[in-house]
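Each structure below is given as structure tokens.
Below, chain A partners chain B and then partners chain C, in two separate complexes.
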Partner chain A sequence: MKSKMSSIFYRELKVQNKSLKDPLFVIGVYLSLLLIFPLSLGPSSNLLKNFSPAIIWTCSLITFLTAIEKFFISDISEGYLEQLFLSNLPLSVIVLIKALCHWISVGFPLIILFPLISIFLNLPLNLLWIICFSLFLGTLSFSLIGIMGAALVLGAKKSNVIVILIIIPLTIPILIFGISSTLFCLEGLIPYSTLYLQCMSLSFLLAISPIVTSSAIKIYLE
Partner chain B sequence: MIDYLANPSRFFRITNFLLPWLMGLLITLTIIGIYFALFDSPEDLVQGSAVRIMYVHVPSAWLSIFSYLLLSICSFFFIVWRHPLADILSRSIAPVGALFSLLTLLTGSIWGRPMWGTWWVWDARLTSMLILFIFFLGYIALSNAFEKNERGSRPAALLAIVGSINLPIVKFSVDWWNTLHQPASIIRTGGISIDQSMLVPLIIMTLAFHTFFILVVVLRAHSILIERKVYHLKVLGKI
Partner chain C sequence: MELDNLAIVKGFNRLFSKFSYIFNFGKLYILTGSNGIGKTTLLKCICGFLRPDSGFLLWNNIKINNENTEYAKNIFYLGHLDSLSPNLSVWDNIKHLSILLDIPNPFNEGIDLFQIFHLKDLHVYQLSVGQKRRVALSLLNLNKKSLWVLDEPLSSVDKRYEKVFIKLISDHINNNGIVIMSSHDTLHHYKKASTQIINLDVIK
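The block that comes next holds the complex of A and B.
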């Protein structure tokens, strides 16, 4: 069981990061989105400082939602997902491993390189690690919700539009909690309460999202 | 009793019989409600006659939450028991609930302009009602997104069940966050805090809205049933 899980894990990592350039592409997407805001708000530091939590979180949400609806399509067209479904590993465990690998390919480079990115927004550096931690909690939640949305629109026409309509209302509480955490950190206080709320939403999603995703995949495979 | 009513043809026959009576009930309740709301109820000390928008705004809000609750219950029945009538009812409820939440936002906006001075403010109650509206839109989009319409029923039902997490947030948002919107005065611990003369028109208008809701949902369910019958007859080659 453990060797099966680890082999699926390594296979997913290799598929999602075919070359070592893939994390750099993710960073590139994030930076391109980030670039829009200073250019449109004007480089004077006041507006940018006030909006920086929102900018960080909105850009990370959009980075997670790029091409999320195509997440399962290649696996299904190759028949890989059906083979996994037939093994004695429960589908929700497989989905959880896929979500973790998605986060490692998209969210992990973001968080590792976040101190460099914070230079662009002139953020104060003392509580940066707490911002990284709250970004970790939030981006893992985005991965779980994104996988859920991708499974629900499997086989639909215009899935790229509908998946955004489904995912965004579910991510709004996570955005609110994450931006509050970041706001507190930028003022120099450790945001215990909002970090608890982020942990609560992450644990809720860890419980709910694999179940819903596996039900949706089973519906598609019928 | 639910088993008895759950046969789609029986549902069609019984509700077909009840439709004229529902229509009569609706007209009666609406006339009584409007008379009480517009003429017989007192004016507010500060707001004057503009408080009468409350008699449309509050029932729409209650009904939008009620319809999402009903939507998630029907979706749960559909996922667990795969009953086709539960799916038909969910698809009928979704557009009606979306329109009621939109009506709540619009009437609240119209009421807010003279009272609060603004058409819109991003406080907890308004934002969560807007999110409820978007949830309804997501359900309608997903359930109609597939080539064969019935393929979309089960993903949409899953979505409705996941979205029911939003309901306690909408109901309790005025208590949890500092907000401009008035806190609850009817469904709250400590009893009803609104006066009798305003409560009676409010209850009558709520009953009228509920009757309207049942009428429209039943009509939509009828049309979906007939549509599916026609589709299956075409597939069988009988038409």
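The block that comes next holds the complex of A and C.
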């Protein structure tokens, strides 16, 4: 059981990061999205500082949306989902492993990069680690929502448009909590309440997402 | 293993209605029939990917429902896709599948029936279609799962590997396994006492 899980984990990481260019691509998308804002708002640092929480979170959301196809696209065209189905592991466990791998290959580079970005956006550095923690909670939730959406549109044509329509409404609460905890950080407060709310939504998703996703996969296989 | 009064509706097509069949241990069953008659659908139904709209499957007289993981342990399924990831090496793919499905790794066992050992370090996207198929078929080697469900196993494989394949299958049957496969082939290789040909055109 354990060897199966770790085998799926390593395979998934390798498939999602075929070469170095995949994480670099994620980082590139994020940085170029972030670059738009200083350019369009002008160099006045006050405006940037007010908008920066929203900028950080929307950019990471869009980066996640571009990486949503990583979940299942290749598995379908290879006929690999059937083998997962016969592997005797509960599908929900497999879903959790897949979501975790997705977070490692998309969310992790963003968080590593974040200190650099905060200099970019003129953020105070003293509460940086709390912003990083709240980004960790938020991006992991994005992965869990993303895998639900990706599984729901399995086999549909033009799925990348539909999946965005499904996912964006679900991410709104996470965006709100995330942005508000970043706002508190910028004012020099430690945002316990919103961090708790983020933890709450993450644990809710941890419980719901595997169930929804595995039943969606079963429907697809039929 | 038994199929009892199976009915499968796919889209607006009624593929099967009241289809019943008994599969016995130690036999090879070959599904034939024209395109679109439902060979693949029937195989998928046997594997449990697809729930029949009515009727049920029995395995050793026990009804199979969707949550029956004991049943899934007995199946080895090879669809017309090879389940290999193009971006991983052959070795990684085979190692992963053998761990995932609890079957022996043909690379470790040292019997290179399908002559794939020299492909070991290549990525799967570098292989030809026939080579990929051979890599997938190598998972049959020493495979102890009692029910093999194979969908067009020999498509695009060289003639000389057919003999190897037939030997694997007859060994499996002699070990009291069941092989259910679909095929377009002329079938003259397989004609034996333990072989049963199911022509879906006729049955329906």
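The working rule: the second predicted complex is superposed on the first by the 218 of 222 C-alpha atoms of A that agree within 3 Å, B and C clash if a C-alpha of one lies under 4 Å from a C-alpha of the other, contacts with A are read in each partner's own complex, and residues count from 1 in each chain.
Everything below uses one rule, namely that contacts are C-beta pairs under 8 Å (C-beta built on N, C-alpha and C of every residue); 3 or more make two chains touch, one makes a residue touch a chain.
Keep in mind it's a predicted model, so treat the numbers as computed, not measured.
By the document's definition of touching, neither partner reaches A:Thr66: not chain B, not chain C. Of the two partner chains placed by the overlay, only chain C lies in contact with A:Ser87; chain B stays clear of it. Residue contacts after overlaying the shared chain place A:Ile219 against chain B, while chain C stays out of touching range.
Of the two partner chains, neither chain B nor chain C is touched by A:Thr58. Judged by the touch definition given at the top, the superposed model places A:Ala156 against chain B, while chain C stays out of reach.
Residue overlap on chain A between the chain B contacts of one complex and the chain C contacts of the other is empty. Contacts from chain A toward chain C in the complex involve residues 3-4, 7-8, 10-11, 14-15, 18, 74, 77-80, 82-88, 218, 221-222.
Chain B contributes residues 79, 131, 134-135, 137-138, 141-142, 145-147, 151-152, 154-155, 158-159, 161-163, 166, 169 to its touches with chain A in the complex. Listing the residues of chain C that touch chain A in their complex gives 44, 47-51, 66, 69, 72-73, 75-77, 79-88, 92, 95-97, 99-102. Of all residues in chain A, those touching chain B in their complex are 148, 152-159, 161-162, 165-166, 168-170, 172-173, 208, 212, 215-216, 219.
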